[in-house]
């Protein structure tokens, strides 16, 4: 129980934090207030062209100014949002709207695409294998020659992209910042698959448990599962909308060639949602299977009670009758009471035969139309 | 129970009032009838330009005429709708359509935007933390150089906006009346978050109760919760539509720059609805968990009954048999009836072994496929 | 029960009549067959201009010809559809399409707007406070200088409009026939509010009953309620569509000024549907509350049975043991059997303590996590 | 049971036939294979102009060539699809696409409209009063001067149209083939009303049964009802889409005048679907009412069991105590055991009072808040 | 149980494989990794014009170059995806985009159509009669003069198309590659019908079982059925969308004449989905029927228990009373205790009469309103 409680407490904190970092009601739009528990930001800069590359961690955001505009593509990745000045000064350097900065800081945005004059602001949510309940906000600003990305947590989900940029394979180095933005979004989307895979396994484990031998905690497990799927769904559906916007609507900063890649991302999101909805349907079905198996068990218990009562209560009556203290019951003197035992056995036998005829004894699975239904699992 | 009743009575009055203030069926359109219980209006005027500001409470609405058109932006806020003449005379001053005035008075409008020739009429609903069931109608008239707002109750939900206007920070003083209207709508929307936060906590408290130890009143609590969420939802969905209209449709009085801010409001409404629907789904799930846990409990009770009956009724039969008054039962003379007690213990033991084998004894949580399912909460 | 039966019989007749008045399958389109039970028509003519008015009841429809075209607006209201010739001759005078006349007579049309060359045909459904199940068809033909309305029953739902025309207040006399048609539609829509108000009260009464002490007939009441709401819904949804068409689509006969009024009607219909759907959701929730409270009660009954059985059956066994007729039971001679009574009391006490520990005794409302959940109704 | 089985067998055959007549998977498109059980076709030709008419049954389809193009409208009706050559030769004469012919033969098409260069192909489904599960495919080819219709079965659903053509009333003879096609579609749609009327009666009968006294077979009846409504729905929804296409989309062969008539058909389909959905909702509600009344009955049974056990088991204990064979029980010698009987009566009375206080005795309908709820059925 | 387990294990493997073949998260787009268990590819080439045909199996994909462009239509069919080099080299020959090749290899795509500059990429899913859970991905590239198809497994679902091409009947040889692509899609769609037919039979078998005599495994069967239908549905819905795109959207490579054929495919998909949804609705209904029949059975069991308890427990009391050891019970000396037996018989009879009056004895099907409801199954 303690484990359950601590799990819940964890969830509660996660929930509560959904609001606590918001600025106070009625505060001016664009007011930036940073969550005190957010990790300190790490700023990593990669600037590259087709044949050269510059990569370094920086401490002072002003260092960005000297790099920007010198390279075909400059990618600044900020992991951790614990220092407001980093965000605001980057906002000044890249001339970002205050409302967009507010959305970077308030990490409970739905995935979305917003077009501003000089840049395009993309919000996506990443999920991690470890904790299904947690999803991390990733903000991507795509400009003419830069990509500015903010990760809520310090995670390694962009590492494969960095490796590809460093190695310069494929289109990664030749294409513009739009391809880099695509690569980041694709990396985030790829992170959904291991989580879904884990859910797939859990659904099957639960299916096996419930169909074969449902336990009292199964209901709790179904509930947890549904809760988790709901959370995933809340992240995944707007992700799909976002992908639709990215690959369909005319965004000047995104090349037509890139749209084919973004369509691929969209396809992946559709696949993810397909699986999610499938798991949800299966989980709903399991709830019904569970309820019916509880009812079936109540039935079984009632049958046992009824059979035992039906057999022994009448016998007790027989014994009670011959325990009466009447003076003139000549049968009491007929010798050893074999006839009473015989009578008792007969009564018990009659009831047993009745119950057998009703199908209450023996396996409950023996149905008369079995030949027909056996084809269900042929 | 009295608490429940009084709570209900409160609700009933709230419900009933939804109709009582309506004009009689068939009365002419635009007939204005004021609710006699509505609080007397307080009229507060703030007129401002970039560098100067005039703020005062007025008694006579005619005082507005002398201020209007003298300032870039004039904001008249009327809190309380208890005096019809205030509304009608303001309607004359600003040349408002009678149907719009009727909607100001009949405080059960759905949120909406209506465009008239010289002004735009926005209806939103504010919710308050104190009473989830109550939502207050706020009417905002946005004109070329004025904002006229009507609050159903005397509340302080516009206080932060007033402070911002007074302090003149950010765009508040430099921008036109459209920014002020946005700020009012934003203040109303911000008021939804604390209510949702409270619901989030209630949902989790209820979840803990029901999964761990459901009580008979849990069902009533779920019902109250659903009722409350329904009411919030009825306010929130049309709010979202209203925001969509405000930020997407071409309204001459709203500047393009302002649309970015209104899109932000729209985003907040979408977030609110996301959370609401999430809570609704979780609450529905809780209902099912609750029903299944009642069934599980019935099962447990039935098992106890069956076990006790199965053990003691046969033993009573044994005792009954040796209580029969037959003359020739030689076993009655075999000395102290250890064999009877042995026989009784054997019968009881056999039943106990049977029930253990059926898994009726011991913790009901011990399922054989546990290793598989334990991964659900890994 | 008789009341229930007669109520049902009434409904059945209503249902059956939904078909009986239809012309035979395969009959030519536009075939007019009048329901023999329909009331005889009363024809009322009001012709008016800005400053004069003519009002009279007429017997012969030909009298209409002499009035028509002499006045800015001529309104002919026919209440009751029991005389086919009235309908057909009016159809000739106003040059109405036979299919439209067929729809006037077959009083089971869905609300709709149909545009013909010279006129516009509007069908709406009126509901009455008395009988929720009944809804009355009102057909309105709007022409260049006339309004021709047909009411299925002789009702007074147009009386307030007549009064307003007579008194000539507001725009009623100065505006054209489109305003009159609007006024009629508005009067019909206003008639929905008292019915909804009654449903609101019923829902609350039912809520109180079911949450506090559900009765066996509650289920019947929920079913009746749902049935009634379904019927209202079937009338209300197409009414909304009709209002959308009237205020949005370009209908030459309807002035732009009038559209603001029609938008108001549309708003009312949306409000009505909002409330209806709300009641439906609450009623569905009540059904679940009801089912769970039945289960809870079964639980309670089972507990009583189990407690009584668990206590008394073992005691009966004890009594049975000392009723055995064994010769050598020395304890039978130990004097007054206090030890037996003590043993019985102990057994009973142990069971009572067990059940108390299980929480079966005492109020079922005492849950251990109460401090958390108490905030639900704070 | 035999009736139920044979009904089911009938259904199964119907279902199975949905596939058996399909050509083999992978066969060339337009491959025509005729169901061997289909009735032999009867070909009926009616050719007519405004003032003359030719009507005859023909055996050889080539006879059509001599009539076609000689008359303003030629209508060939083929009832029964048992002879492939009739269909293919008519296909040659009218130059019909092989895929359309395939659809004529494979009688499990959804209702649809397909436009070809020279003709328009309309598929509708007719239902018959006798067997709710069966629906018949009717194919109508509408050309410039002909209508070619194929009925799956030999039925009389087109008889009223034939009569009207013969009698030449109304527009039937003066209008073109589009009016004839409309008349055929209208005749098919009119056939839905009697079936719906029957369902309406069944729903009410079932409602009465289930609310007043649910039987075990009620569930089977609800299931049958739902099954039937599902089947009707599957036919009705695409019928509505088809009607929408026919009256809204520009089809060159259909005159604008005719669209008013087709809109009328569309209205009828919408009405039919309204009723169907209504019946479905009511039937779903009945299922819940049924389930709750079973639970209520279980409750009742449990109460009887509990009351009887609670009263008699303690009394048996009392009797058992005084049946113990203790030597020193002085009360056994107090004379006639009136005090025992008194004690028994007291125990029984106490339990009865307890149960009465719990409301388990007496009518379960007596709820304390009755005055409120009685208004539900006022 | 073992069978069930192995079936499940099979499913689990299928599920797991849905992810295992995906390239690692974050790998470059277009990275091709082949499933090591995929069968080795068999490459079959058919090149044909109106009057000549070339057909051969090839080992080396380079052999394609010599055939391509020499014939009006060249069809390369690759069955089995076990050799990456075959796919990549064909990709080079036909100049296929790497993302499309990735989709060919990752066999868990949703059906879709993607247009590239020189070709059109169609993904469909084929189902097989043997295993409802498995669906196979078929990728079709349609170019100006070629069709390139990839089958996930080595199956014979394209055999009928090959035969038709060889025999050269109908349009198959005269039409272009678009007709061939249509023929392949049609062959895939035709494969759904036998699977649906099998489901239709299973649904009916299950219906018979559950309505007549539900077994405990019925619930498992319903769950399996739902699972299978969900899987089919996940394949079928995007197939429908794909067909809509193919027949409606302007794709330069597809001839207008071909669109009529593709519309036919679309019709078939709509029919398939209609049936699927129908089965789903029926299966949901069966779940409710099942639950209610379990409740009904619990009722029956409870009745038996209650009747037996109600009759025998009071009789035991009577016997117990006359077994009391009171000295002064003169009735004990009235001779043979006929009056006791009479009294017992009377008590039993009274209870039997009560239960009969309650309708608990005799067939539970005897409802009083039977004449009305009997029409349900008329």
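Letters A, B, C, D and E name the chains as they come in the text, with residue numbers starting at 1 for each one.
What we mean here is this: a contact is a pair of C-beta atoms (placed from the backbone, for glycine too) under 8 Å apart; a residue touches a chain by one contact, two chains touch by 3 or more.
Everything quoted here is computed from the prediction, not taken from an experiment.
Peer 1: Which chains contact both chain B and chain C?
Peer 2: none
Peer 1: Going by the contact rule set out at the top, which chains touch both chain A and chain E?
Peer 2: Shared contacts of chain A and chain E: no chain.
Peer 1: Turning chain A onto chain B with a C-alpha fit: angle in degrees, nearest 5?
Peer 2: 70
Peer 1: Rounded to a whole Å, what is the gap between the Cα centroids of chain A and chain D?
Peer 2: 40
Peer 1: How big is the gap, in whole Å, between where the Cα atoms of chain D centre and where those of chain E centre?
Peer 2: From the centre of chain D to the centre of chain E is 25 Å.
Peer 1: Among the residues of chain D, which are close enough to touch at least two other chains?
Peer 2: Those would be 201, 208, 212, 291, 295, 298, 302, 305, 309, 313, 316, 320, 323-325, 329.
Peer 1: Would you mind giving the ring's chain order, read from chain A onward, with chain B coming straight after?
Peer 2: Following the touches around from chain A to chain B and onward: A, B, C, D, E.
Peer 1: In the complex, go through chain B and note every residue touching chain C.
Peer 2: Against chain C, the touching part of chain B is residues 1, 3-5, 7-8, 11-12, 15-16, 18-19, 22, 24-30, 97, 99, 102-103, 108-110, 112, 114, 116, 201-202, 205-206, 208-209, 212-227, 230-231, 234, 287, 290-291, 294-295, 297-298, 301-302, 304-305, 308-309, 312-313, 315-316, 319-320, 322-325, 329, 332-333, 335-337, 340.
Peer 1: Touching chain E in the complex: which residues of chain A?
Peer 2: 157, 159-161, 164, 169-170, 172, 183, 186-187, 190-191, 193-194, 196-197, 200-201, 204, 207-208, 211-212, 260-261, 263-264, 267, 270-271, 274-275, 278, 281-282, 285-286, 288-289, 291-293, 295-296, 298-299, 302-303, 305-306, 309-310, 313-314, 316-317, 320-321, 323-330, 360, 364-369, 372-373, 375-377
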